[in-house]
Every structure is written in structure tokens, then in C-alpha cells.
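First chain A sits with chain B, and in the next complex the same chain sits with chain C.
Showing the complex of A and B:
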């Protein structure tokens, strides 16, 4: 009798297709409103409206907590409910790469702004780049060190990834942890360099182009670090296996993208634009 | 009155010739370059040095008067965006 029931139940639950039909969820609509609040807050804050910073903070908290709750559901679906079949994983990875392509174009626009202002400097800044009175940062000091840190972190994450695939838990944890440490060092050094720099985002086109491009990259480093940190925690908690670690691979792809953007920033903004 | 008639007859209306550094229709940079070159020139050679006058002629012909007075003010305030050291 019991055996029959299990048989029946399995028959009912059996899915004849590999796709994941998602359950109704509050997160998409919540995030839509959160993002609207976030962008509106950013505009209000940047244009000096009353309480703009408050709206911006609210938008940030709503967006980040909404994302955390949504991703928590995705982790449950993947790790505990087994919804992420090979077909679903393909779809997720396609989504990740399309997202990275859209990020490439976001960075293209700040690079465009930088080259527009620097390749043919306007007479308002005396027709020279960097403009008179600006002391650019030495590219061979902290920026070169940061290049080495970021490239090394890319190597460490490859080590951790391969260790994970090989089933070497300790090496996977070590490699990922080293990646995170190097990423935090990078962010710390960028913060130090920003606080020591002799120009600000508000005193001219040099500072605007510099902080818009390196700042956008810095935000991506912070997001990438959190992304890898989530992978790290999931390795430690036995969520990720040698054949099922799509989120971690997404973090790795994102990290390499951030790494490549830095190389272009280093060459264009720090080295060429600072000479 | 005879004096003013004399100056009028001597006055030559002249625009700057083609400069290969500034081949575009937009001559903003040409104007700016001649303005800075003039002040670099007189810093180096003195105001009476005749060849410097060529730069002054050029920028007076190319630049809108509004820009010239704006840049003159900026030089006085020390906010001119380019170096005028020769």
C-alpha cells in the first residue's frame, strides 16, 4: 500500500521536460520598485534635492535586500530542490554572458566620455590633457601594484576553480579565499589612492572622467568580491559540487571581465591619460 | 580730419592665411593657439619685438572679441587654462 503510494506520487511529480517552471515570487515586482526608488534617489541626490540621500539609501537597501532574498530562493531551488538541470544551467549561463555583454557597453560609454575629452582636449582646459594644474597619479606606483594584485587574483580563482572540479576541497577553499583577500587589498589601495589624489570628481573634466571610469570599475570590483564571497561560503557549506557550481562559474566569468576592464583602464586612463 | 583720412587709407583689412595645423572649418583652436603664442612671445622677447605682432594680428582676426576679453580677464586673475611661459 505504502509502496504503491510512493510509486503514484513519483509518477505525478515526474517532469517530462528539463525546464524549470518557476513558482510565483514577490521578488520581481519588489525589485522593480526598488530599482525605481534607487535610480530616482540617485538623480535627486546628485542634483542636490532635499532628502535625496535618504531616498538613495532607501533604494540601495531595498535593492540589495531584495536581491539577497531573490538569490536565496534561487540557491534553494538549485541546491535543495534540484531545479537546475543541465538545460536550466545552460540558460542561466547564457543570461550571465548577456549580462556581461551589457556591462561591456556600460564601460564603453565611460571610455567614450574619457576619449572624447582627452583625445582632443577643449580650449576651455587649455587644449592639453591632463589639463594645466592637474597632477595625475603615477601609473607605476599603486596602479601597477593593483594590476598585479588583480591579475594574481584571477590566477588564484582559476586555481580554486580547477581544485573544485578535481574534488580538492582544501585547495578550492584556499584559492577562493586568496582571491577574496587580493580583491579586498585592491579595493583598499584604490580607496587610499582616491583619498590621496590631488584632484576631485567636481573640479574639472579630468577628475570627472577619472572617477567616473575608475569608480564604476571599483563598484564592479566590490560586487565581484561579494559574488565570489557567496561562492566561497557555498563551497565551505558543501553547496557546490565538482559538477554543479554554476553560480561560482558566473562569479568567475564576472571577475575576469572586471579584470580585463582594469587592464584597459590602466593603459588608457592611468598610463596614457596621465602622461 | 586729415589724420583720420590718412589712417583709413593706410589701414589694410587682412585675414589670416591657411595654417596646415588647423585644416578644419572650425578655427577655434587656431584662434586659441595664436592668443597663447602671442603672450608667450612677448614674455620671451618683449612687447616691442615686431614678429610677435603677427600672433596678435592673427588672434584679433580669428577670435570673437568676447573670447579675447574673457581670456584677458582670466590672465589677470591667473585662471587662464594654458601655460603662458615660453
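Showing the complex of A and C:
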């Protein structure tokens, strides 16, 4: 009787498949409501409703803490519980690439808005692009430097990534840290450029299209920097190994996507749209 | 005895099919996870050095050259602005108040100016209101 019980119990403990069946988790439903609060708060705040700022702050705190708690679970599953088998990693990476495809379409819509207004400029804005009275930014000044900074950061992250796979801890840390420094420099220069620009977001369709496209990209750079920073902290804390660093690879894929979007922005919005 | 024979048969069968059916097994030998991992690591050691060279001997000089270029371009731009100010009695020429410029239907949640407001380059909408 006892022997059979032990045999059964061991059979239950052994997993015959490579997939990861997640435990019941409160985070998806919590995060859904947090995101609803966050976006509703943003609309209320921007349209001047009472306490809109309070709802926005609450939504932000709920969303960011919900994300942190969810990611903490994923990190313990990956690093401590060994749930990330090859099969699970393939599924996660597929998810990352599908997410990036959805991001491509989000950027497609702002590019569409930009080309819609710039390819045949309306008579109300002087029938020209840039519209009359708008002094565009010189593409071969800070935007060019930003291009070089982003391209270099793409090389640094590859250096760090390959070093991680090769088991070269110091080089992995160096490469990732350099990427983060260049990413922060990029954001700082964009802030400077926004402050020095002679036009604002409220200067007709040029201002709207310029700040919507470069601003959406800027937010992605900030998120990508945090994404790589998480990978960096995990490398320093020995979470990531030569063969298990899925989160870091997702951050790298995301970073290259952000980099490519910038190249299109530089060519279309800064160079062609500012000439 | 039959129990022993069964166990021997079972483990022999398992041993023969192990490498075929379990691609994710960490067993040694060609085609195994360990062999694949060793090949990846070996390859990565070479590419790490390549990307180290690209980073330090390609990217850093490119950034340095670009910083020098941008510094000059920005200095020229600033000198041009000063020249325009001097020609125009100490301030930049006023941009005509086109209808599509400085649109305000209602204030931003923080006031009339944008978050990146700069009194040297933007019209002070707080004063206009």
C-alpha cells in the first residue's frame, strides 16, 4: 500500500513533456484592469477632467507594480525553477516576435499619418512641406549624431550578447553597460533637441506628425533602455547563463527594432521631411 | 527472474531510442545538447572578438568624428542665429501668426506652454492667454 502510494506520487512529480504549465496567477487580470485605469486616467488628465491626474498616477503605479510582480514570477520560473525548457523558450521567443510585429504596425500608422500630410500638403498650410513658418531641424546635426549613437549601441549589445554566450562575463557586462550609456545619451540629446526646436507639438500637422512619430520612438527607446537594464542587472547577479538568457535576447530583438525604426524616422521625417 | 529480464529489456530499448526521441536530452555525443552548446560557445568566442573590434575601433572613432562635426554645425547655427538677431534689432524676426501655428483649444493640464517650452525659441502662450 505504502509502496504503491510512493510510486504514484513520484509519477505525478515527473513531467513527461517539455512544456511549462503555469500556476494560477493573479497578474493577467490585475494588469488588464490596471491598463484600463492607466489609459482612462490619461484621457481624463489630458482633457482636463477633475482628478484625472490622480487616476493617471494610480493607473501608472498599478501597471508598473503589476508588471514588476509578474516579471518577478517569470524570473523565478526561469532562473530558479527551471521551467524554461527549449520548447518553452521557442514559445516565448515567438511571442516576442509577434509583439514586435504588432509594434511595427503601430509605427506604420504614425508613418502613414506623416506621409498622408506631407506628400501632398494641404493649401491651408501653404501647400508646402515643411509648412510656411516652420523651421525644421537640421538632420546633419544632432539627429545624425543620434543615428550614430543608436547604430553603435546595436554593435555594443551584439558584443555583450556574444560575450555572454561565450562565457566571457566581463565583456558581457562591458558591452551591455556601453549600450545603456549610449541609450541614455540618445534620450538626453532628444530632450535637448525638443527644447531647442522652433516648433511645438501644437504647430499644426507638422508639429503633430513630428512629435507623434519621434515621441513614440523616444518612449520606445526609454522602455528598451529599461529592458536592457533589467538584463544587465540579471547578468551582474548571475541570473543569466550561456544557454539561458531569453529575457536578454528579447531585449536585444526589441532594441534592434527600435534602432531600425529610427533609421526610417531619420530618412523620412528628419531628412526628407525637413528639406 | 522475469522481473530482472523485463528491466534489462526495458533499459536496452530505452538506451537505443534515447538520442532519437529526445532532442532536448543533455546526453553527450554528436547532435546532443551539450555538443551543440559547445559548438555555439566556440563560435561565439570568435564573434565576440569581431564585435569587440567593431565596437572599439569602428563605433568609438565614428562617434568621435560625428561629435566634432555636430559641434561645428551647432556652433555655426548659433552664430547664424546671433547674426539674425543683430540684423533684426536684438531679437529673432517674428514668425507671422499663421492660423495653424500655436494651436490652443484649451490649456494643457499643466498650463498654456508645452512640456518642452523654451522662451528663446517658442512663443510664450502663457503671456498670450
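General observations
One rule holds in what follows: the second predicted complex is superposed on the first by the 263 of 275 C-alpha atoms of A that agree within 3 Å, B and C clash if a C-alpha of one lies under 4 Å from a C-alpha of the other, contacts with A are read in each partner's own complex, and residues count from 1 in each chain.
We adopt the following convention: contacts are C-beta pairs under 8 Å (C-beta built on N, C-alpha and C of every residue); 3 or more make two chains touch, one makes a residue touch a chain.
Keep in mind that what you see is a predicted model, and the values were worked out from it rather than measured.
In the superposition on chain A, the chain among chain B and chain C reaching more residues of chain A is C. In the superposed pair of complexes, A:175 makes contact with chain C only, with no contact to chain B.
Using the contact criterion defined above for the overlaid structures, shared-chain residue A:128 touches chain B, although it does not reach chain C. Once chain A of one complex is fitted onto chain A of the other, the partner contacts of A:236 are absent, as it touches neither chain B nor chain C.
When the two structures are aligned on the shared chain, A:58 is found in touch with neither chain B nor chain C. In the superposed model, A:75 makes contact with neither chain B nor chain C.
In the superposition on chain A, contact of A:18 is made with chain C only, not with chain B. Shared interface residues of chain A, touching chain B in one complex and chain C in the other, are 124-126, 131-132. Contacts from chain C toward chain A in the complex involve residues 24, 33, 37, 40-41, 44-45, 47-48, 51-52, 54-55, 58-60, 62-63, 66-67, 69-70, 73-74, 77, 95-96, 98-104, 106-107, 109, 114, 116-118, 121-122.
Put simply, chain A touches chain B in their complex at residues 123-128, 131-132.
Residues 18, 45-46, 48, 52-53, 85-87, 124-126, 131-134, 138, 140-142, 144-145, 148-149, 151-152, 155-156, 158-159, 162-163, 165-168, 171, 175, 178, 191, 194-198, 200-205, 242-243 of chain A are the ones that touch chain C when the two sit in their complex.
On the side of chain B, the complex with chain A involves touching residues 28-29, 32-33, 36, 80-83.
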